[in-house]
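Multiple structures follow.
What follows is a pair of complexes built around subunit A, which joins subunit B in one and subunit C in the other.
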Partner chain A sequence: MAEIRVEALRKRFGEVTAVDDIDLVIADGGITVLVGPSGCGKTTTLRMIAGLEDVTGGRILIGERDVTSAEPKDRDLAMVFQNYALYPHMTAFQNMAFALKARDTPHDEIRDRVMHAAELLGITDLLERRPKALSGGQQQRVAIGRAIVRQPAAFLFDEPLSNLDAKLRVEMRTEILKLQKELNATILYVTHDQEEAMTLADEMVVMRAGAIAQQGPPRVVYAEPASEFVGGFVGSPPMNVIAGEASGGVFRAEGLEVPVPLTAAGPARLGVRPEHLRPSGPGEATLTADVEVIEFLGSSGIVSLRRGNGDSLKALVPADALESVLPGAACPFRIDPGHLHLFSADGSARLH
Partner chain B sequence: MLRRIPIGYRFLTPLAVVFAAVFAYPFVYSLWLSLTNYTITRRNETRFVGIDQYTGLLDNDTYRQALVNTFVFVLLAVSLELLLGLALALCLQRQRWARNVTRAFLLAPMFVTPIAVGLMFRFLLNQQIGVIPEILGTFGLEIDFFGPDLALFSMVAIDVWQWTPFMVLLLLAGLESLPKQPFEAARVDGASRWLTFRSVTLPLLKPVIVVAVLLRALDAFKVFEYVFAITRGGPGTATETIQYQVYRTGIGFFRLGEAAAMAFVLVAVVLTIVVVLFRRLMREAT
Partner chain C sequence: MSRPLRALFLVIAVVAVAFPFAWVVLISFKSRVDLNDPSSLSFTPTSANWSEVLHGGVLEAALRSVEVGLATVSVSLVAGTLGAYAISRFKAGGGPARFGILLAQLMPPAVLVVPLFILFFNWNLRDTIWAVIAAHLTFVLPVVTWFMIGFFDAVPRELEEQAMIDGYGRFGAFRRVVLPQVLPGLGAAAIFGFVLSWNDLFYALILAGGNAETLPVAISSYNTFRGVELGAMSAAILVSVVPVLIASFFVQKRLVRGISGGGLKY
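Entry: the complex of A and B
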């Protein structure tokens, strides 16, 4: 296993700049997750690191080795493709053995390593089947198996779970985590699903339009989003944003006042996560809003609110506090002052 | 009466009539002819002879020679066309610039009518007046392309010249429609060019190869124009092919019954090959 470093990496397709000056360190023995909306350049970044796409500018280093223009086979990386990319005419066993065969590994060793990987993934019964005779989840395991038989410097995963149903996706997520611990693998993992990113990541890299919007451990990215975009992208339901004005330690918007640090001044945007917007007694309320609908989730509910000025907000309310919230009624809500996010007027920077 | 037939079948009637007129009737009639000694110049002596014509073919040395010639021709020509076609298709697939022009030029031989190709090579390769023997002559090489040893192979070469482009066309279309992902996977897996070709390209391309070979083989079995335009089966029986012999027996000597029998033997052999090939392909597809 090795660390991967990416310096000022850039990729243009004609007029489109898909990846724009990215600097990235993928730590040895951890999972780094690239997350961002569709089309933000995640796959392109991954493919450049794998060597499947030429770079327009910048450098890629694996360990101490500059591999920017090396052939994929000389990079010692294993990749799991979004649509699995299994060899359709080969059995699961042959699919997994192929990379070893390409490296002239002795027959016995190939068998041992494939069997070991198959046991780890629970697919020993499926080894004689062709991809067509496997379900999506099983194909996924074979694709992962094909990567882990090799003991490469690092693994690259491109949205490996996006073709699976929700239940299987959650299961496979756990398995990938276990597998990573077991192999102490270095993994660069791409997904558009922020929940998948949060659960898997040691280090999370949020991308937007070819650039890195924020990078850090999931807790930090969640607790202190660097911009309104990150705040809105990470977390579900997304963060509420209220436009207003800060001055003298108070943020004011229509029908609402909350204390903010004294340093903030001028037009600004207040970010409030749904779980930090709670029903309250009239005395301690920060705002009142009409309750539109309640989506009950079991332990909590998502309450859709509409304020007097037409803004809509969402609150994530624990089940036991839902009783006081009645659809159609105007209810008092309180913003937790300990969990405020204040962004600049254009949303691009975090003020507090 | 027609009313009792379901409407769907009634719509089939025109096709059925045309099919019966242009295919079924001639087919059955020629099958019947092959069981008689029908000869155009002696029609009043026509008599039913059963399978005599077929058993007679077994003892017919010229016919056996023609069968062998035809098979050698088809086997050699189609194999060479496949090898060359595959190599060219692989090159063209990697080509970056001037793709369309190259392809247009490469496909040109296909658009020449075979009889013209035959005549063209008859003069190009002619020992007295041909350009190619003359050029070879300046290097001290004396080659009689239509002599007894080489004539059949010259025919093969002409067929390869004209029909390799067809192979290229089919195989290139096949190559370009293959999924990209297995090839990217192979690159990441560290497979060499050769291993990728052998273990990924060829197996994925196999259905296209089978169809291309089948189409070319069926067409090559019909070889007639080159023989007719150049050697008329000679020297001796060196380039006598089934189609040419059928033509000579039936149209030249008017022995239509015997000619029909000759043709049916070829049909039987070819059909067997087609069925076997397709069976294998289908079995592998499942």
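Entry: the complex of A and C
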């Protein structure tokens, strides 16, 4: 296993700048997740690291080795594609043995390593089957097995769970976490799913339009989003944003006032996560809003609100507090002052 | 369509196709005298036509056709596969190449045959199978290439990328992972290309009408200055047609897929 470093990495496709000067360190023995909306350059970044795409500028280092212009086969990386890319004319065993054969590994060792990986993934019984005779989840396991067998410097995953149904996706997520711990693997993982990113990541890299919007452990990214974009992208339902003005330690918008640090002044945007917007007594209310619909989730419910000025908000309310919330009625809500996010007027910077 | 109607339709189709064949078979067993009334069903069967065909150079011509077909197809497979891969993966030649490749087929063969004739005359290759092979490549190679583009398009790019990450260069990945996926298509394209070459009369007649005559030329030579020798010609035609029938039986399904632009299942 090894650390991967990316310096000032850039990729242009004609007029489109897909990746725009990215600096990144993928730590040895951890999962780094690239996450962002579709088209933000995640796949392109991964493909440049894998050597499948030439770089327009910058450097890629694996361990201490500069691999910027090395062939994919000489980078000692393993990759799992979204569509698994299993070789259709080979059995699961042959698929997993393919890379070892390419490197002239002795027969017995190939057998041992494939069997070991197959046991880890619980696919020992499937080894003689062709990909066509495997379910999506089984194909996924073979694809991961094929990567593990290599014992590479690092693993690259490009949306490996996207083709699975929701239940299997959650199962495989846990499984990937377990495998990572067991192998102490270095993993660079790409997904557009912020929930998947948060559950898997040791280090989370949020991308937007070819650049890194924020990087850090999931907890930090969630608790202190660096911009309105990150705050809105990470977390579900997305963060509410209210435009207003800060002055003298108070943020004011139509129909609401909340205390903010004294340093903030001028037009600003207030970010409030749905779970920090709670029903309250009339006395301690920050704002009043009409309840439109309630989506009941079991332990909690998502309440859609509309304020007098037409803004819509969402609140995530624990089940026991849902009783006081009635669809069609105007209800008092309180913004938790301990969990405020204040962004600059254009949303690009975090003020508090 | 209801079942009986469909059955009726098929019967008519089969009769329409099979009837001329049956007729040709009958004629091939008729003597000159009986051929004065070609459609009559009462005659004394004779093997004279068949023995004339078998000893009169038709088999040699058929063998030559096989040689020409094999050579044409071999070159087309190698060049066509590599060219098609380049066009499919690297957009070689840009967008126009993909479709322009068949454009030459719109030209009447007559346009091409005169320059070819002069060329082979100057090179002393007139009336050799080399001239015919070269001429056949002008239409077999584009068709084979076009087929293969469709088959390569249907192979997911990730497959060869995976192979390249797994330890092979571009060519190794092509040979070990991509090629096996298109092998069935390659077989169909080969047989189709062979039949195209096998059936060609025009180029073969003009470029090699003498000692190097191919089977279609041999058949046409039964159209003599004394009139058409229907009996012998029919026997020769059967020698030519039966292999094609057998070949089409084996490739029909894949041929349809190739024409509809790949679409092999993975």
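The rule we apply is simple: the second predicted complex is superposed on the first by the 352 of 352 C-alpha atoms of A that agree within 3 Å, B and C clash if a C-alpha of one lies under 4 Å from a C-alpha of the other, contacts with A are read in each partner's own complex, and residues count from 1 in each chain.
The criterion applied here is as follows: a contact is a pair of C-beta atoms (placed from the backbone, for glycine too) under 8 Å apart; a residue touches a chain by one contact, two chains touch by 3 or more.
Keep in mind that this is a model prediction, so the values were computed, not measured.
Placing subunit B and subunit C on a common subunit A by superposition gives a clash between them.
In the superposition on chain A, A:His107 makes contact with neither subunit B nor subunit C. Of the two partner chains placed by the overlay, neither subunit B nor subunit C lies in contact with A:Arg219. Once the two complexes are overlaid on the shared chain, A:Asn83 sits against subunit B and subunit C alike.
In the superposition on chain A, A:Pro72 makes contact with both subunit B and subunit C. Common to the subunit B-facing and subunit C-facing surfaces of subunit A are residues 50-52, 71-73, 77-79, 81, 83, 85, 87-89, 98-99, 102-103, 146. On the side of subunit A, the complex with subunit B involves touching residues 50-52, 71-73, 77-79, 81, 83, 85-90, 98-99, 101-103, 146. For subunit A in complex with subunit C, the touching residues are 50-52, 71-73, 75, 77-79, 81, 83, 85, 87-89, 98-99, 102-103, 132, 146, 150. Listed in rising order, the residues of subunit B touching subunit A in the complex are 179, 181-182, 184-192, 195, 199-200, 203-204. Considering their complex, residues 156, 158-159, 161-169, 172, 177, 180-181, 266 of subunit C touch subunit A.
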